[in-house]
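Structures for review follow.
Paired with chain B in one complex and with chain C in the other, chain A is shared by the two complexes that follow.
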Partner chain A sequence: MKSQIGRSVLRKDAPDKVHGRVRYTDDLRLPGMLYAALLTSTVAHANITQIDIEAALELQGVQGVFTGKDFPLLVGLYLGDKPALARNKVRYYGEPVAAVVADDERTALEAVRLISVHYEELPLIRSPREALQQDAPLIHPDMADYVHIPAILPEPGSNVGHRTRVRKGDAAAAFAQADVTIEGQYEFPPGDHVAMEPRVAIAEIRSDGQVIIRSSTQSPYGVRAIMSRCLKIPTGKITVIAGPVGGGFGGKAGIQLEPLAYLLSRSLGGQPVRLANTREQDMVTSPGAPGLQSRVRLAARSDGAITAAEIEFLFDSGGYADYAVNVARAAGYACTGPYNIPNVSSDSLSVYTNHPFATAYRGFGHIEMSYCIERSIDLLAEKLQMDPVELRARNVIRAGHATPTNDVLDDNTGDLETCLRRAAAAIEWHKGSRRQINEHTVRAKGVSCYWKAPAIPTFTDAAATVSFNEDASVNVVTGAVEIGQGIFTGIAQLAAERLGIDTEQVHVVDEVITDRSPHDWTTAASRTLFMVGRAVLSAIDDAVAQIKRTAAAPLRCPEEDLEVRGGRVYIRDVPAHGLALEQVVLGYTYPNGNAIGGPIIGRGKYIARHLSGIDPKTGEGRPGLEWTLGAEGVEVEVDLRDGRYRVLRSACSMDVGTVINPQLARGQVVGAMAMGIGYTTREAFMFDSRERVLNQRLRDFKILRYGEHPEYIVDFVETPQRDGPYNARGLGEQGIVGMPGALASAFSRAVGVQLLRLPITPEYLWRQTHSAGGRSAG
Partner chain B sequence: MKRYQGLCEIGLTINGRARRVTLRPADTLLRTLRDTLGLVGTKMGCENGDCGACTVLLDGLPVKSCITLTLDAEGREVTTIEGLRDSVIQQAFVEAYGFQCGFCTPGVILNAYALLNHDNNPSAETMRSWMESNLCRCTGYEPIENAIKLAASKLR
Partner chain C sequence: MISYDIVYLRPDSVAEAVAAWQQACEEGLQPAFLSGGSELLTAARENRSRPGALIDLKRIDELGAIVQTDEALCYGSSVTLTRLCQQSGFQLLSQAAGRVADRTVRNSITLGGNVCGMLPYRETLLPFLVADGSASIAGPDGTRSEPLARVFNKRLRLQSGELLVSLAAPQSAVGAASFYRRRERDGRIDYPLLTLCAVAADSTLRIAVSGVYAYPLRSLEAESALQAAGGDPDRRAAAFVEALAEGVRSDMRAAADYRRELLRQVVAEAIRELEGSV
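Let's look at the complex of A and B:
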């Protein structure tokens, strides 16, 4: 039997996906299902003075119209700050103000148009810096009353939802002794995930009180826990069902439409209610990616050794905290990027503004952090007149070095310098980083290093069960959600490898039902293959032990002499003496009819090892389970006349421990790089003077299109992660993290101006090249 | 010109089979397929003609069903993803890992199927002009490009 590890096994979900047979949540049609539609706020910050719903209620087919008054409670992932429907006040453009439930969707939408809302507009907060000013209006004056988890530290009386402090060494002293220092200020607006499937939740309540939630969610167990906490329902009375999800990218983690869908159903006697976002609502009403304002100072010796960093990240969480508070925390504990910097002083804040609120987004704090750090290193390289690749290589973090939170990296740490050298080689950095093609066209290159660890609770868990069919094929049940990453195929390969069988013989149950599937924290943070993988291996080992126990009697030998491989259990030193697994997995029957054993069910579990909280004053602690390190390099071609450009090449070299499935791994990295190109070059909300979003449609909020994609070059380094499944570590998000830094570096080199903002649109480039200080075209 | 008012009943040919539906004149083909006929393989991504997730074929050519009136499909051949069975293009998407979450995939495959019927040796420019109408957020497009090239090579 060939090894299943390192093989490009075809995806298990392929036949259904190419035939349109996968059933996503919005494809379900339940008997008696009612349809909800939302009225959303047309202003960004206002008191609601009046809502008229009578006309909507009178429309035939309308079953109910609800406003914030109907649901006097607060919901929140970490910090309970958000009403299900705006109550008295709206805090961002697009916030849900009223909900209609009707017999069909068209009627619900028609009724929404019959509701009128009167607003009394309030002063606006347009950016995190504005929010921190002394006289700034308070977006959440009641913050002191909000319930929150201990790891989150809101600052009542301000607009600060959370602050992570990191103090390592003595940054002030190191700056005083530095040969050179640089400072950069960076900024970008909020954006959106643009998963192709808009979010949807269907809620119903059975007569016995059991709440059934079907949702396009990455976090079925998270939904259950948060609904229980915020809505005071015992967890055992909530069942969350999560089938395949049409793209997550963080936007379907945590809690989304589920509480409101539940409240609407509860108001209508428990009938199933479907609450589905329109695309416009998915972009603005539901949360997106956070914006940022930041300041980074670096101190270095003249030989390029970086001695200190002073960092301020101000995350724009928008009107509510959601995941942004933890995004800020992740950026805080990872604040230096993958560099060995002995002295660090960093403050990472999540700040309320009147923008659409922000949640987890692929890269989770690391992508934002990485952009600021990589730009700063380029500024330092310029000041030191050093090659940016060499400056990075001089400072890469290695085993034995301490992270910003003073966690010393162990021997499982990847080989970043090799990744950096390979990424640079892939774009032929040695042949020159800027080349004039003709009088108005320039090609330029940029590199970056990145790291990312899962931002997870210290007790993050995973579990799996395996059972067997009469043909000895295996059923694996986990709490992992298929969001496109191919996790079921990866899991099947791990299980098959452990049993020495073909992946075809492993069936992975493709729907999570929280009261039937074993517990799993969330499908997020690039930790699923690692943690669920460990649980699956442990479940297989448990099943194998049981198989040996059953087989030992008929084979008349000690259990420890037995081996299970290739669909058989046999005596290790007499392989011909054995039984087919079909004879054992449901119990062994002797020729005379006597039976022993019984159906075998393997149980496996995993829980994060050695994680700790971080000290609120110094940040000291161990928040990162495993760091995935890597580097990226890009080449762009810019027309200096008008700023138009193409991304020609995009290379990523990543140390992933072990590649379980080369094609799936490459797919994750290429997809992440593509998303990073969009993030850097175009994906950002535009606001009018009253902070209303101007581009909440895919017509004007552009993502990368077919034909705009560059040549992708992907390369894996395999320094083993010895506590990972077959030495593998996570890789789902990391490919996006270095892209803004690498691209901004290349564009800066092309136009001869250090670019400090995102998105880098042709217009932005044109303005830079046609302003004082820019290198003139040609 | 035929006038329609109120509810009307029309005949459609979908995936080679005759279907009768009752609809409002304003109903889009996307809504008729998904909500009336239960052909939920066609996806709603934006309902604004921007993303291509709802792409189906009308007389063999791709249209966005979210901005096509069902009435305009009367008397024409509608092909949805349910109408393709183990086709060369579908197999190529399997072998080339041409999808991840799968939500854009029915539209992408139908568009690519029509493209290859039109030209089984498409240039990069032709592929781009057909395929840029379908957004994919997962793959970075390289695997889609590979799948179409693989299918084209098998069809030639």
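Let's look at the complex of A and C:
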């Protein structure tokens, strides 16, 4: 049997996905199901003075109309700041104000039109910096009363939802002694994931009180735990069912539509209620990507060694905290990017504004952080007149170096310098980073380095069970959710490798039901292959031990002499002497009919190793399980007359430990780079003067299309992650992280001005080209 | 999903369509003519438009015809953009039609819908504007043909109950040297910041633009200014832009000064490309 590792096994769900046969939660219709529709806020910050629901209630087919006063409780992922429906006040454009439940979808929508709401508008907060001003209005005046987890540190009396402080070494002293210093200020607006499937939740309550939630979620166990905590339902009375998810990108982690769907069902005798976002609601009513304002100062010696960093990240969490508080925390503890900087002073804040609220977005704080750091390193390279690749190579983090939180990297650390050299080679950096094609067209290149570790609780877990069928094929049950990443194929390969069988012989159950699938933290943070993979291997080992126990008697040998591989259990030194697994996995039957053993069920588990909280004053601690390191390089072509551009090449070199499935791995990295191009060039909300989102429709909010993609070059370095499954580490998000930095570097080189904000549009490039210092003359 | 009931009517002739409109009005239904439906359906879904009756024009044979005579090429208003870009016989029209929306949507969008619909761009009208084309319009009093110069001012000036039967372009203009450019904010599948159609005819450059203002525009004053200005193409293009009225669009896609600059550059390109033909 040849190895299952490193093979591009066709993902099992591919044919159904390609043919449109997959049934997502959005496709489900249950008998007796009622349909909910939301009325959302037309203003960004206001007191609700009156809501008139009479006309809506009178419409034939309407079962109920609900407003904030019907549900006097707060729900929150880390910080309980959010009502299920706005109460007294709306904090962002698009916030749910009322919900209608009706016999069918059209009646619910029609009833929503009949509700009228009166608002008394309040002063607006348009950016994190505005929110931090002394006299800024408070978006959450009752913050002091909110319940929150210990790792989150809200600052009542301000608009700060959380602050992560990192103090390493003595940054002030290092700045005083520096040969050179630079400072950059950066900013970009919030945006959206634009997952294919809008969020949806169907809730029902059975007569015995069992709450059943079907949801398009990355986090079935998170939904169960948070609903239990915030809605006071015993955990065992909640069952969450998660089928295949039509794209998550972080936007379906945590808690989304489930509590409101439950409250609506509860108000109507437990009947199933379907609450589904329209595309427009999915973009602004449900949370998206955070915006940022930031300031970075770097100090360096004249030889290019970076000696200190002083960093301020102000994440725009919008009207509610959701994941943004933890995004700010992750950006805080990873604040320097993958560079060895001995002295660091950093404050990373999650700040309330009157924008749509923010949640996890692919990269989880690292994409934002990386943009600011990579831009700053380019500013430093310019000031030092050093090659940007060499400056990065001079400072890359390696085993033995300490992270900003003073966590010393061990020998499992990837080889970033090799990644950087290979990414630079892929775009032929050595042939020059800027080239004039004709009078008005230039081609320019940019590079970046990145890192990301899973941003997870210290006790993040995974578990798996394996059982066997009559043909000795294997069933694997985990708590992992398929969100487009192909995780079940990767898991099947790991299990097959351990048993020495073909991946076809492994069946991974593709639906998570929380009362029968084993507990799993969340399918997020690029940790699933690592952690669930570890649990699956441990479950296989457990099953193998049981197989040996059963087989030892009929084979008349000690268990430890047995080997299980290739569908057989046999004596290691006499391989011909053995049994087919079909004869063992459901119990062994002797020729006379006596039977022993019984069905084998392997169980396996994993829990993160050696993680700790971080010190609130210094950040000291170990928040990152395994850091995935990599580098990216891009080449763009810009027409300096009007700023039109094309991205020509995009290369990524990443140290992933071991490549389990090359095609799936490449797919993840290419997808991430494509998303990174969209993030950098267009995927941003635009607001009117009253902070209402202008582009909440897909005809106005553009994502990359076929025909706009560059040539993608994906390369893997394999420095073993020895505690990972077959030495593998996470790679799902990472390919996006370096893209804004690399692209902004290339565009800056093209136009001759350091670009400090996103999105980088043709108009922005044109303005910069024709500004003082721009290369309008070519 | 559209949340309310709509009366759907499918007339077999232009006369029936006009009559259906009148009857729907009498019944207080607030009718709308339905062609490709891409705009009506999305607007109704968001309650930005709530017609009580839809009068579907797609099955009327007369509206789906492309007719060629010695004098003119005439395009029925129900001809889809996909068909226009594949076999219009009018290069400028094929170019203009081929860059609206994407292929799947162009299979639905019709010439009439693109010209008479809710969006301000109306790009397929531009070739007819520079061709000095005409419109055939049906109403309660029968069908009439009018030069676009008379019935088009920012939009086609249709009376309530009138519908566009066809647009025609004279053969002389169809065969003239032409120029087409379109500029978008990011990718190609987007509304235009600028679409420009130009032909060289009667030793002048005729230029029509969309996306620059909140309506398609052909400015004879600006064409004259271009003609009168001396110097290189850049200078003449600047004269063209100078002569245009205020009110260039500033919106989420681009600011007015960027649009004006794009226009200046593209007009200069048009001059360079068509110079030999004028």
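By our rule, the second predicted complex is superposed on the first by the 777 of 778 C-alpha atoms of A that agree within 3 Å, B and C clash if a C-alpha of one lies under 4 Å from a C-alpha of the other, contacts with A are read in each partner's own complex, and residues count from 1 in each chain.
Please note the rule applied: a residue touches a chain if its C-beta (ideal position, glycine included) is under 8 Å from a C-beta of that chain, and two chains touch if they have at least 3 such contacts.
Remember, it's a predicted structure, so these values are computed and weren't measured experimentally.
Peer 1: Return first, second, both or neither, reflecting whether A:Arg516 touches chain B, chain C, both chains, or no partner chain.
Peer 2: Neither partner.
Peer 1: Of the partners chain B and chain C, which touch A:Pro244 in the superposed model: first, second, both, neither?
Peer 2: first
Peer 1: Looking at chain A, which partner touches more of its residues: chain C or chain B?
Peer 2: Chain A has more residues touched by B than by the other partner.
Peer 1: Going by the contact rule set out at the top, does A:His118 touch chain B (first), chain C (second), both, or neither?
Peer 2: Touch partners of A:His118: none, neither chain B nor chain C.
Peer 1: Once the shared chain is lined up, is A:Gly707 touching chain B (first), chain C (second), both, or neither of them?
Peer 2: So A:Gly707 meets both chain B and chain C here.
Peer 1: Which of the two partners, first being chain B and second being chain C, lies in contact with A:Asp13: first, second, both, or neither?
Peer 2: In the superposition, A:Asp13 contacts chain B only.
Peer 1: May I ask you to decide whether A:Trp766 touches chain B, chain C, both, or neither, giving the answer as first, second, both or neither?
Peer 2: It touches chain C, and chain B stays clear.
Peer 1: Is there a shared patch on chain A that both chain B and chain C touch, and which residues make it up?
Peer 2: 699, 704-705, 707-708
Peer 1: Could you please specify the touching residues of chain A with respect to chain B in the complex?
Peer 2: Per the stated touch rule, the residues are 8, 10-11, 13-24, 26-27, 29, 193-198, 244-249, 278-279, 483-486, 663-664, 667, 670-675, 697-699, 703-709, 712.
Peer 1: If we count contacts the way the header does, which residues on chain C are in touch with chain A in the complex?
Peer 2: 1-4, 46-47, 183, 185-191, 252, 254-255, 258, 261-262, 265
Peer 1: Across the complex, what residues on chain B touch chain A?
Peer 2: 34, 38, 40-51, 53, 80-82, 84-85, 90-91, 93-95, 97-106, 109, 124, 127-128, 131-132, 134-145
Peer 1: Taking the touch rule as given, give the residues of chain A at its contact with chain C in the complex, in rising order.
Peer 2: My answer: residues 105-107, 109-110, 113, 280, 641-642, 644, 681-682, 686, 694-695, 699-700, 702, 704-705, 707-708, 761-763, 766-767.
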